[in-house]
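What follows is subunit A paired twice: with subunit B in the first complex and subunit C in the second.
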Partner chain A sequence: MTIEMDKYRDATVMRLSGEIDMYSSPGLRKELLSLVAERVSPLIVDFRGVSYIDSSGIATFVEGLKGMRSFGGRLKFVAVPEGIMEIFTFSKLDRVFEIYGSADEALSG
Partner chain B sequence: MKDSVTITIPSHPGYLSMVRDVTARFGEIHNLSEAVIADLKLGVDEACSNVIKYAYRGATEGEIVITLRIMGKDLEVIIEDEGVRADPACIEGRNLDDVRPGGLGLHLIKRAFHVYEFDEGRRSGNRLRLVRHLR
Partner chain C sequence: MMETAIEIRDLVTHYGDREILRDVSFSIPRGRTTVILGGSGCGKSTLLKHLIGLLRPTKGAILINGMDITVMKEEELNGVRKRMGVLFQGAALLNSMTLADNVALPIREHTRLEESTIQIMVRMKLDLVGLSGFEDFYPSQLSGGMKKRAGIARAMALDPEFLFLDEPSAGLDPVTAAGLDELILKLRNVFKMTIVAVTHELSSLYTIADHVVMLDRGQVIFKGSLEGLRASDDPRIRGFLNRRPEAESYSPEDYFRFIAGD
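Presenting the complex of A and B:
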């Protein structure tokens, strides 16, 4: 998995690619929680290049979301591939995560 | 052709991608749909992750033996380790409405497989049997 950080309008964008699993999620967790500690908001996570996510990756985002909410920050997901969306829906996290089609939609939502 | 494949990996998370690749390729060879293969990859990955976390408690020098085979109209996966014995009575996923980190892996395994059972007669380690009915 690779993580690239970017800026888009007023938001910070985390672009992810590759597979998020028990091996790669600790690196993601470290990056995400450091952004939470810096109170970076809104944070857009772009899933366009993500081909796989397991429960450890999902747990990382749940933890990140809770951290964001602790200071009123917003964590927004964009371009979530269908297979990953199915996992979010199955785990009922589609009701919890803010999910948009694009960064523009995320910033107007 | 004997319709089975066995791989042995160290109990290191870096090898999980190899398990997923083998599972996917096994599914492709047996003409399973992309959706079923995606479920199987995730289910087998989650089961092996649990072995690393709970049976070996994060130690990376253990061994995990994964066997995939076609048994008539079923795909059977056997996952064996020599780690700490699991107590099946204590294994449960969280309520999916209770949103918190963790507790999702078991749900994802049971989403992929119709049968999830430990061999309780085993003297040491664990032997988990997973079965997906294919038709």
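Presenting the complex of A and C:
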């Protein structure tokens, strides 16, 4: 998995690609929690290049969202591939995570 | 054409001098549920133990994603086992640990994830099997069906590619067994896992099977779809599906000779 940080309008964007699994999740967690500690908001996570996410990846985002909510920050997901969306829907997390089609939608939502 | 995940070629196995499996060959399709069916003592649990690398066969090959596990060294086999989740008969939970710790055990053992991440994963796994809120319970405080569910949660701990279930609904009442079958269906649909379930329960077979392999006295007597199984006119299959007892295998005179020790 690779993480690229970017800026789009007033938001910070985290672009992910590859597999988010039990080997790569600790690195993602470190990055995510350091953004939470800096109170970066809104944070847009772009899933376009993500081919797979396992339960450790989902747990990492649950931890990230919990941290964001602790200071009123917003975590927004964009371009979530269908297979990953199915897993979010199954676990009902599609109604907890804010999910948008694009960064523009995320910023107006 | 379905992609093959596991291929079993000419498997022969013995317990001592006794031949348990004889020239067993079949394929397990990826992302589907294969039910290994057969009466007690037909060799199906022995076959499952070979598929997860617990037993080595006398001869034959078991190819998982194209790699023969029967010739692998223990270290290499452990790598393959990390991709397998197994629900053993009786669930095999550790009684001295809470459910949360039972589920967390393989994650703590095989990953470097932080404890806070592991705790969230454990709650996700327990919720998946309908055991939210039971984190601090011990196995002895659970019903048979709940133990099986907890066993599945532990089998799912490392997000396995393959899930092996040994008699998942045996010993459960019909309603609890049906609930477990629904859970197995759900796991296949959502996680696209390759599931292999050994069972002699017809209700489970009809609910969960995409593909069936039937064993009789250590030999494969059927492999194919559920529809194919139902349409079979093999008397052994008809007898099993119609729950007819097997014909007596030897005459009263043979029986006499056997018990008299002649």
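We take it that the second predicted complex is superposed on the first by the 109 of 109 C-alpha atoms of A that agree within 3 Å, B and C clash if a C-alpha of one lies under 4 Å from a C-alpha of the other, contacts with A are read in each partner's own complex, and residues count from 1 in each chain.
Basically, a contact is a pair of C-beta atoms (placed from the backbone, for glycine too) under 8 Å apart; a residue touches a chain by one contact, two chains touch by 3 or more.
A quick note: this is a predicted structure, and the numbers were derived from the prediction, not measured.
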Simultaneous placement of subunit C and subunit B on subunit A, clash or fit: clash
Partner chain in contact with A:63 - subunit B first, subunit C second, else both or neither: both
Contacts of A:11 with subunit B and subunit C, given as first, second, both or neither: neither
Partner chain(s) touched by A:40 [first = subunit B, second = subunit C, both, neither]: neither
Partner chain(s) touched by A:96 [first = subunit B, second = subunit C, both, neither]: first
Which of subunit B and subunit C A:55 touches, first, second, both or neither: both
Which superposed partner A:19 touches (first subunit B, second subunit C, both, neither): first
Touching partner for A:85 - first (subunit B), second (subunit C), both, neither: neither
Common ground on subunit A, meaning residues reached by subunit C in one complex and by subunit B in the other: 21-23, 54-56, 58-60, 62-63, 87, 90-91
Touching residues (chain side subunit A, partner subunit C) in the complex: 21-23, 25-26, 29, 54-56, 58-60, 62-63, 86-87, 90-91
Contact set on subunit C toward subunit A in their complex: 107, 110-114, 116-118, 120-121, 124-125, 127-128, 158-159, 190-191
Of subunit A, residues touching subunit B in the complex: 19, 21-23, 52, 54-56, 58-60, 62-63, 66, 83, 87, 90-93, 96
In the complex, subunit B residues that touch subunit A: 13-14, 16-17, 20, 38, 41-42, 45-46, 49, 52-53, 96-97, 99-102, 104-105, 107-108, 111
